[in-house]
Amino acid sequence: MRKLPLAALTAASVAAALVLTGCATGDQALSGGDAGGSAGDQIIIGSADFSESQLIATIYSLALQDAGVEVKEQFNIGSREVYIAALQDGSIDLIPEYSGALLKHFDAESKASTSEDVVAELEETLPEGIEMFEISEAQDKDILAVTEATAEQYDLTTISDLEPVASELILGGPAEWATRVNGVVGLRDVYGLEFKEFVSLDAGGPLTMTALLNGQIQVADVFSTDPALTANNLVALEDDKSLFAAENVVPVISSAKSSDTVEETLDAVSAALTTEALIEMNGKAAEGESLSDIARDWLDSAGL
Amino acid sequence: MNIDWIWANLQPIGALFLNHIWLTVVPTVIGLVIAIPLGWWAHRSRRGGVVIIGAAGLLYTIPSLALFILLPAILGTRILDPLNIVIALTVYTVALLVRVVSDGLGSVPHDTVAAAEAMGYRGWQRLLLVELPVAVPVIIAGLRVAIVSNVSIVTMAALIGIPQLGTLFTQGFQLRLIVPLITGIVLCVVLAVIFDQVLIRIGHVASPWRRRDVPA
Amino acid sequence: MTLFEWLTDPANWTGSRGIPVQVGFHLLYTVISLAIASAIAIPLGIFIGFTGKGEAIVAGSANALRSLPTLGLLILLFLVLAPVIAGQLVFVVPTIIVLVLLAIPPILTGTYTGIQSADEAAVDAARGMGYTRTQILWRVQMPCALPLLISGLRGSTLQVVSTATVAAYLGLQGLGRYIIDGRAQADFAQMAGGALLVALLALALELLFSVLGKVLVSPGLRRTTRRRRTAPTDTATAALTTLTAAR
């Protein structure tokens, strides 16, 4: 252990050497455009780490390409905490978002719950350099779901019904839920729910669904547009205290890349997109159809 | 099993494959270039050797996902810049190869070094013209381990959205499809075998006096 | 919050998700995986080293095995096993299988190269003394193989400790929790703390192995390996075969 400071010093000098050489060579290797990030007219489209986000991002991408805009796809970035940072540091330029969750990200105290209120507050809250276009009527909310058996056993129909039994139940959701108002924190503060445990899984993906159906967790954060909800006879608990605000799909873009063409194109997409279409497309994706095929088919059927 | 998925996605898979190649090769080459002087130093100085090889071992235990994400905070790079992956893999390559280069130089027979010295080779000249060439088989063996490991480590970058073969894993997971997963794993192994064979050939060319292979 | 504040916050050291508990889970996954891997690789390595059978296959595939991407295997196993396995095991089994697969190559190569590296003069001497082949294996070749076997185990351990962080990707515990959660919550102090704890754990195990090497390996053997300079290439490559990679 006596050697540690020396070791640290060496490590630091190694790292410094790496940075110097790494940068020089790396930039050359990246001259294809990556290192330049959002330079030029190209729009880098990002997505969160779940398939619906990638699907909507794919729709944006195809629609923009059809409109003659140069795009680059950088999907599956991670949670909102990560991709908003990526949007702000120029790693990406455009990402499909959900209005309510986005608002809570910037203003944890916000009480807005209807689509209109959320949009009005978002207009005020979005930081410098980021703007949003028109919202779509399509919504995908976080919902708390339980299996049919659990709902019957504890007589659950609303989230409030969980209060007397929460201490016996394990809640599962994405890791970011542990610290989100739109998650564990809000469930505790608004509903007074103290679950036995919170298990970090994924954002309404296969892990969460498997854990719920296998009984590893009893209450799960899933998406309202997930076709697996009905396929598995899950019970969506009603959000009777409006913790989860309206979640309209909305494109969020860095102001530097916003243009009339981009705005018109994406507004047309948002105007045509519906919640039903999302559920249907998610169903196709779950059956293994490629996201670009699904996106292309929808664009065609919507006449875009 | 839905093999059609592969044909339908041939073009994106090809792009991911190419990305994977350069994300693996670039850091391996840079890593080797950095590891040679460090390994030489570790070989020459007993204390330096202990420190530098110990430090390399520690660097090697940093989980890759953590390094990918912490680098932007340390270096000020953009968080989704592939440069972060290149630097992280360079760190691992150096960590692995410093020890190998040092061992390789240690494998040069004393007689050879003495003969070189008697012929007037000194310092860098002796290192570049005599010791390194003789150490080639050991260094190549280490490089094979490094590049093949890098093929695997690169896939972790899928968790932070950098496109390469690992993207097939996260995609397959979200869509609950097995075909992309198997495709990705098979392509990784194929890529690794190709790199391995290329390095074996390079080793043969670079050390024509040796017949015997050093197993990796 | 800085890394230092995260590490010194008492809240992070207590409770069912505190650092001691996560270190415990991390060690648990590591020990289970290493035990299973050893149970497979050591007998197999002895067999290969003793009979020479299958050496070509193992030597040829050991390097390719390193390229097996942990993340892909983990997800594949999860998707394949999820419909078959019930309860908590659905997350545990894929994780352990992946870690076992990672741990096998270094132990296997360490064992068989160790047995093959036994000094031929010593083997000949034992034969001259009338030892049977089995006696030679257990009394001469195995003790000679110990340093490389331990070095293989050490390599596997480092690799497994570092890679066991993927357990958190499947919702399990362990130090990977801090890395995955820290990333999702944009909490860099937590992530850096997790990474540092993994490195410290690896360092602690490394020290344990160096002590183990001193206690278990015959002192006579240690002295000779120090002095012997006849075939340094072979010791260098043998050490290399047990070097670790991929997390």
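Descriptive notes on the structure:
As written, the chains take the letters A, B and C, and residue 1 is the first residue of each chain.
By our rule, a residue touches a chain if its C-beta (ideal position, glycine included) is under 8 Å from a C-beta of that chain, and two chains touch if they have at least 3 such contacts.
The UniProt protein names, listed by chain, are A = ABC transporter substrate-binding protein; C = ABC transporter permease subunit.
Just so you know, these numbers come straight off a predicted model, no measurement behind them.
The leading chain pair by number of C-beta pairs in contact is B-C. Using the mean of the Cα atoms as each chain's centre, the chain most removed from subunit C is A. Centroid to centroid, with C-alpha atoms defining each point, subunit A and subunit B lie 34 Å apart.
Look at where the CA atoms of subunit B average out and do the same for subunit C: the two points lie 20 Å apart. The set of subunit C residues that touch two or more partner chains comprises 78-79, 180, 183. In subunit A, the residues that reach two or more other chains under the touch definition are 78, 82, 85, 206.
Multi-chain contact residues, meaning those touching two or more other chains, occur in subunit B at positions 58, 158-160, 170, 173, 176. Chain contact summary for the complex, subunit B toward subunit C: residues 57-58, 60-67, 69-70, 73, 96, 99-100, 103-104, 106-107, 110, 137-138, 141-142, 144-146, 148-149, 151-153, 155-156, 158-160, 165-166, 168-170, 172-173, 176, 178, 181-182, 184-185, 188-189, 191-193, 196, 214-216.
Across the complex, subunit B is touched by residues 3, 6-8, 10-11, 14-15, 17-19, 21-23, 25-27, 29-30, 34-35, 37, 46, 49-51, 54, 73-78, 82, 85-86, 89-92, 205-206, 285-286, 288, 290, 293 of subunit A.
Per the touch definition, subunit C reaches subunit B in the complex via residues 59, 62-64, 66-73, 75-76, 78-80, 158, 161-163, 165, 169, 176, 179-180, 183, 188, 191-192, 194-195, 198-199, 202-203, 206, 229, 232-233, 236-237, 239-241, 243-247.
Subunit A contributes residues 78-79, 81-82, 85, 172, 174-176, 178-179, 197, 199-202, 206-207, 210-211, 214-216 to its touches with subunit C in the complex.
Listing the residues of subunit C that touch subunit A in their complex gives 16, 78-79, 82, 86-88, 90-91, 168, 170-171, 177, 180-181, 183-187.
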